[in-house]
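Below you'll find the structures, each written out as structure tokens.
You will see subunit A twice below: alongside subunit B first, and alongside subunit C after that.
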Partner chain A sequence: MDYKKISTIEAIALIVVIMVNQVLISVAKDIIIDTASGAWLHTIFISILAIFLFLAMNKLFSKFLNLSIIDISNFLAGKVLKSIVCIALIGFFILSATIIIGNMCRYIHVIYLSNISILYLILTFLIAAIVVAKHDITVIVKNNLMGLYLLFIPILILFGVSFFGTNFSSLFPIFGYSFKDTFLTHDTNIYAFSGLIYLFLINPLLNDTTKYKKIGLISIIISSLYLLLTVVSLLLQFPFSYATEDLFSIYLLSRILSFGNFLERVDALYFFLWILSSFAYLSIIFFFLTDTFKQMTMSSSRTGSMYAFGAIILGFVISIKDITDLRFLQRNVFSYYTIALFILLFSILLISYLKSKKKPFNSN
Partner chain B sequence: MNQILDLLKNIFVYRENKDYEFSLPSNTINENTESNEVEYKNIHPTLSVNLEYLKVKYNALISRDIKFREFIFSSHGREYNACIVFIDGMVDAEIINNFILKPLMLIDKDNKPKTTSVAISNNITVRKVKKFNLENYIFNCLLPQNDIKKIKEFKDIISEINSGNCALFVDTLPIAFSLDVKGFKHRTVSVPQNEVVVKGAQEAFVEVLRVNTSILRRIINNENLIIENTTVGNVSKTNIAICYLKNIANDELVGEVKYRINNLDVDSIISAGELEQLIQDEGFTSFPQLISTERPDRVANLLFNGRVAIIINGSPYVLVAPGILVDFISSPEDLNLKQQFSNILRIIRIIAIFFSLLLPGIYIATTIYHPELIPTELLFSIAASRESVPFPIIFEIVLMEVSFELIREAGLRVPSPIGPTIGIVGALILGEAAVNASIVSPILIIIVSITAICSFAVPDYSLGFTLRFLRFIFLFLGYISGFLGIALGLFIYFGILGGLKSFGVPYLEPYFPIGNKDTAATIFLSPIWLREKRANFLATKRPKDAGNISMLWKKPKD
Partner chain C sequence: MKKIFTFAFVALFIILIAVSRYNVNNQSIENLAYVIAIGIDKGENNLIKLTLQIATPSSGSSDSEGSEQTSGATTTTVECSTINSGLNIINSYISKKLNLSHCKIVVFSEEFAVNGISNEIVCLNGNVEIRPGCSIAISKCAAKDFIEITKPVLIKQTARFYEVVVNSGDYTGYSMNVDLSDFYRALHDDSYDSVAILAGINTPSTHTIPNDVNYIDIDTSYKEGQAFIENKNNMQISGLAVFHNGYLIGELNSMDSICHLILQNKLQNAIINIPNPFDNTSIINLSLTQLSPPNINVNLVNGSPYINCKIDLKANIESLYTKSDYSTKENLKIISEYANNYLESHILDYLYKTSKELHSDTIGFGKYMLSKFSTITDFHNQNWGANYKNAFFNIKVNTDVNNGNLIIKN
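Up next is the complex of A and B:
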């Protein structure tokens, strides 16, 4: 499949935007609920775990430069496995899109636009994503890159405001509820790094595939820092129990931010940036979703499937009744689905690697 | 009684309207139809045939500015009928009289063919004369002109006459001579009207192609400057010059520009604006994709950077391809100033673009959906100022924005001495009256005024138009869903910008995708001695603009 290629920085931005959006929605809150004051240590732990997983992926991908996991599955067991992988990936993308749209629309509905039907809000998100995702990947990454600059400055300000003049006792005890909770029981929180799934697909898009390792490592480190800053900011400002509030916790953090007597509340600005960021994330999801479908069905265009998947996602989001259902979907379905998908893709990669050692892979 | 009857008749009796009335018949033709006139391709050796054909072509009996001056000239003992054809008003009569008619008509009538040898046989004298070629003789000896062409086809000679040249037809010759005698009146080179700078050159392009190319030649002062001529327009045959530096510009870029210009099927082109719309990549987007400038120094600078300029005869604006977003927020003044000042000006312009595009939308979004963003005292003051206004805020702001656009449009259309008056009456008097009448709030006047001032700070006229148009969209989006709507608009706006290309160059270069920034084609300029490279995206033949050390005097050789 021929793609327009993206540079190393653009690829990093692509992966970071995916991971950062996971953090924004509720991963940070989930981590705090699970591990209390040990959340920051837990974050560091799962970040290191993610880095190791990626290094293993990188080693296995060394035999398959320029190929995505879909091509590799085709190489391993033909069209059947390729179709299975594609269907599993499509399910993952639909789930991701449903969760991000569902969360953002419901938060916006509660906070600002309670007089507007949630259907219109969902449609707004879908329109934004589809309009941009209809372009090629280079346009999407350009939008991401712009969004990324805007995302980091606010979180640094939040962290700065949280850091000064607060009581650091909320960071202790460092193991939170227990050592086991911090390091063993809740390792499923690694789904925060669901961007790793996209690293299975990104190779054919890269200008320079030799930079794959650099791209993966830098994006995981940046995302880890973002997650860590968010977790620490939340820990410093709120008691653990506050994290169980329905609104997303990072928004609550932005509400308390004040620049003296003049600018008393700037949470709307933060929300504005997060909306932009979620649009960017959705456009990435739509690109990979329709591209995977295109590869599976060998169709010539992505446009038709884009509207079809838009309708499917709309149906899913509408069918979710409230935030509680969404939380269930995220915590109990998405997280396990992501981990299972990662294991599936990793296994295929590993077996293909071993197979290619015996019989070298011929891309022709 | 009769008067009453007449009145009643006038009211109730039908009378056929006998007033003069004109209307065009409805057009039933959808395709262009070619005329049935006989078309001659090549020039005929018989003068009368040629003249008859040209008189029909030019409708000489109706168009009285087409002049046919017939005369006889002698050479080598023979007399030849000849005729010059030109358009009155487009030629220099002095040149025609002194350098065409005089040499031809006052030639020594006794000049006989030169005899090379004489032989007498049977009392008959046979003289061998040197072979005489009339065509070459006229070309080489009789026409003291610096620009003369031999032309064989009618379409070419007609094109030459139309452009102000004089055609010479001579009986027995199947060719015509085209003589450059252009002498029409045109505007002299003057100061730029719309791209004013303080420290730069003070000359602008004019409407005459050759004057414009000569200005460019003078500035660039290099033999590698190529000026290729072509024509566009099936009817207008507008002369167009494609200019580039052979040793710098990318051949594919030059080829693409030529390809687009040579593949236009239009009847006429009379301005740079028309051509711009016909050769740009994306027709439906409102963003400018070619630089349009009246400044020769700016065009020269862009040519030195590896771009291609297109000069259109009859237009004082020159197009330069490709054009990227950075070009439209740069002013020609920037390169004349130190980089600190240029960068400050550019930051100000970016702020101006931001406000020009988004300020009304943000105002409406914050006042309706996000009032917590506004400081409390200011919020009270806004609320108090709107207390007596009966209209919803959207009506109020649209009313003011439309009024402002009307004032601006009226100010442009009225004669220049009245223009400022329209501005003063419109902006000051109407604005104050509207506030006093509680139709709009004072804060809104401030918002609209800031937006207007910011829109004037946008250096490119076309980009200014785009921002004016998009401002209304953002206003509407802000009204229907606050920051969500504005975010939606911005996201799609950046998406469109991201997908846009100008002659194969991404519109957001050199930032998205990331390219080299040691050039002049960036938002923030580095010091001039560090601008060593030409822009990557132009793929020039000379990637370096300066040596590694441009100020050699600082590092004297030992």
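Up next is the complex of A and C:
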């Protein structure tokens, strides 16, 4: 497949924006609900786990430079497996888009625009994402990179203020509810690193595929730090029992921010930046969604399917009645779906690697 | 180009439909009534009596004197079952839509707070319009009276007046600003209890000298409304209201408030009186500031909390009398020892009051216990909230005394 190529930093930004948005849809809060004061230790643990998984992926991908998991599945078992992988990936992208649109539109609806029907908000998100996703990947990643640059300093300020002058005793008892809860029971929270799925697909897009390891490691480390800082900030600012009660934890964090009497209520600025980052995330999802469909159907263009997927996602988002359904979808469906998909893709990669050892792979 | 126009058309179409369905007038600034203060009392015919102080349009620029109502604001009271239903009733009565985004203070009457304010705090905290920085105060009198009688004199804008007055503890130490987020957090945390601003109306009828108080301590022993002040502004903020599980259980006076601020590392400035070691008929004024965060260590000894606090303060001598000599190190050392003893004694009084009398860990010593347990279950098993009444304390104060006057010897 021919793509316009993306640079190393753009590829890193592409993976990082996924974590930024996972945190927006309350992954950090979920971790705190599961493990209480042990959340920061749990975050470090799942981050290390994610790094190890990526290193294993990198080792297996060393035989398949320039190829995505879709090409590899074709190599392993032909079109049937390729179609299965594509359908599983399309399901993942639709689910990701549904959750991010559902959450952001509900947040905006509750906080700012309660008088406007949520349908208009959903349509605005979808249309904006489709408009961006119609362009090629270079435009999408540049848009994403710009959003991340804008978000970088305000987020650092937010963490700095949360840490300043606070008592770190809120990070204890160190194991939270129990040692088992911190290290065993809730390891499914690794779905926070759903960016790993995109690392199965990113190879053909890279300018320099030898930088794959560097891109993966840096993006996972930045994502881990972002998640860790968010979890620690929330623990320092709010008691962990608080996390079960709020709608949008990181927004509550931004509400406590003010710079004397001359700059108050900066939460609106943060909200605006988060909307930009969720637009960038959505356009990335749309790109991969339509590209996967294009590869599955061998069609010449990916833009044709865009409106159809837009309509499907609109249907899914509308069918979600309230935030409880959305939480269920995220906690009980998306998390397990992501893990199952990772296991499927990783197994295909592993078997292909073993197969290629016996019979070297010829990309031609 | 054609595609861009198509998308622009679709986007414009959706925006127009959205705007046409949205009543813009409801949210425009001239159609909103901004609530500055909320008062909550026990209702006579219903559960609560809700009083709202609403900014009048001229509040920003009016030079006229406050007449019947507080300058730049008007008050409305309604009896209702919940805050939200009360707001709805008032919305149906006044000509504008109420907006709480500029609410600076929520005042609960003492009578109401003793029966618990958790529900009201949860309700207010869940309201998107109310900011987490909105102050929480407990009034000795009815909240309605407090809001109606309060008359800002030096500041024209009522909202600004509340903003400044709740932060007066920064330069007096006599109280502390407690906001909605602080209070809500304490409600949900097992390791400490909440406090609120103690406020009231100061009139000749409320002036009192507390019983059994040494003449040195009179100035710092007042609670709200007790100090002998004559001024047009009847509102006084002094002391703190103490809560346990959302119920008002006691009050702290101005000196207790200073001790509270010291232990919370929040003391910015406070003036206290200590006996003059060189002349037992006079008093020395010390201006206290926090030198470093207190070093707090909490242990369980035979099942009871043993709390060690090492406090470093800086004090400037503000008073000068005939035959005063603050030029020698020996004299400053003697004053420092007096100050240390005086503060240790008052901090111990304050701590034993919270422990033995109020059973409320207002400082949050429980937080220092958290690191001594590996799991939350272990921490809960030792039941910090109930065990705090068995606590005993060891306080060590070190005051670095300097001369704060231009003249160091008289």
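Assume the second predicted complex is superposed on the first by the 363 of 364 C-alpha atoms of A that agree within 3 Å, B and C clash if a C-alpha of one lies under 4 Å from a C-alpha of the other, contacts with A are read in each partner's own complex, and residues count from 1 in each chain.
Rule of thumb we're sticking to: contacts are C-beta pairs under 8 Å (C-beta built on N, C-alpha and C of every residue); 3 or more make two chains touch, one makes a residue touch a chain.
Because the structure is predicted, anything quoted here is derived from the model rather than measured.
**Student:** After lining up the shared chain so the two structures overlap, which partner does A:Y177 touch, if you call subunit B first and subunit C second: first, second, both or neither?
**Tutor:** second
**Student:** When the two structures are overlaid on chain A, which partner does A:R265 contact: first (subunit B), second (subunit C), both, or neither?
**Tutor:** both
**Student:** Between subunit B and subunit C, whom does A:V110 touch in the aligned arrangement: first, second, both, or neither?
**Tutor:** Second partner only, subunit C.
**Student:** Of the partners subunit B and subunit C, which touch A:V131 in the superposed model: first, second, both, neither?
**Tutor:** both
**Student:** Counting only touches as set out at the top, which of subunit B and subunit C does A:L95 meet: first, second, both, neither?
**Tutor:** neither
**Student:** Applying the document's definition of touch, where does A:V16 land relative to subunit B and subunit C: first, second, both, or neither?
**Tutor:** It touches nothing on subunit B or subunit C.
**Student:** By the touch definition at the top of the document, which applies to A:K142: first (subunit B), second (subunit C), both, or neither?
**Tutor:** first
**Student:** Would you check which partner chain A:S169 touches, where first means subunit B only, second means subunit C only, and both and neither mean what they say?
**Tutor:** Touch status of A:S169: second partner only.
**Student:** Share the list of subunit A residues that count as touching for subunit B in one structure and for subunit C in the other.
**Tutor:** Common to the two interfaces on subunit A: residues 113, 116, 120, 124, 127, 131, 261, 265.
**Student:** Show me the residue ranges of subunit B that touch subunit A in the complex, using the header's touch definition.
**Tutor:** Touching subunit A: residues 366, 369-370, 372-373, 375-376, 481-488, 490-492, 494-495, 497-499, 506, 508, 512-514 of subunit B.
**Student:** In their shared complex, at which residues does subunit C touch subunit A?
**Tutor:** Going by the criterion above, the answer is residues 3, 7, 10-11, 14-15, 17-18, 21-23, 26-27, 128, 131-133, 163, 181, 184-185, 188-191, 364, 367-368, 370-371, 373-379.
**Student:** Residue numbers of subunit A touching subunit C in their complex, please.
**Tutor:** Subunit A reaches subunit C through residues 36-37, 110-111, 113, 115-117, 120, 123-124, 127, 131, 134, 167, 169-170, 172-179, 238-239, 241-242, 245, 252, 255-256, 258, 261, 265.
**Student:** Any idea which subunit A residues touch subunit B in the complex?
**Tutor:** It comes out as residues 6-7, 9-10, 108, 112-113, 116, 120-121, 124, 127-128, 131-132, 135-136, 138-140, 142-143, 145-146, 261-269, 271-272, 275-276, 279-280, 283.
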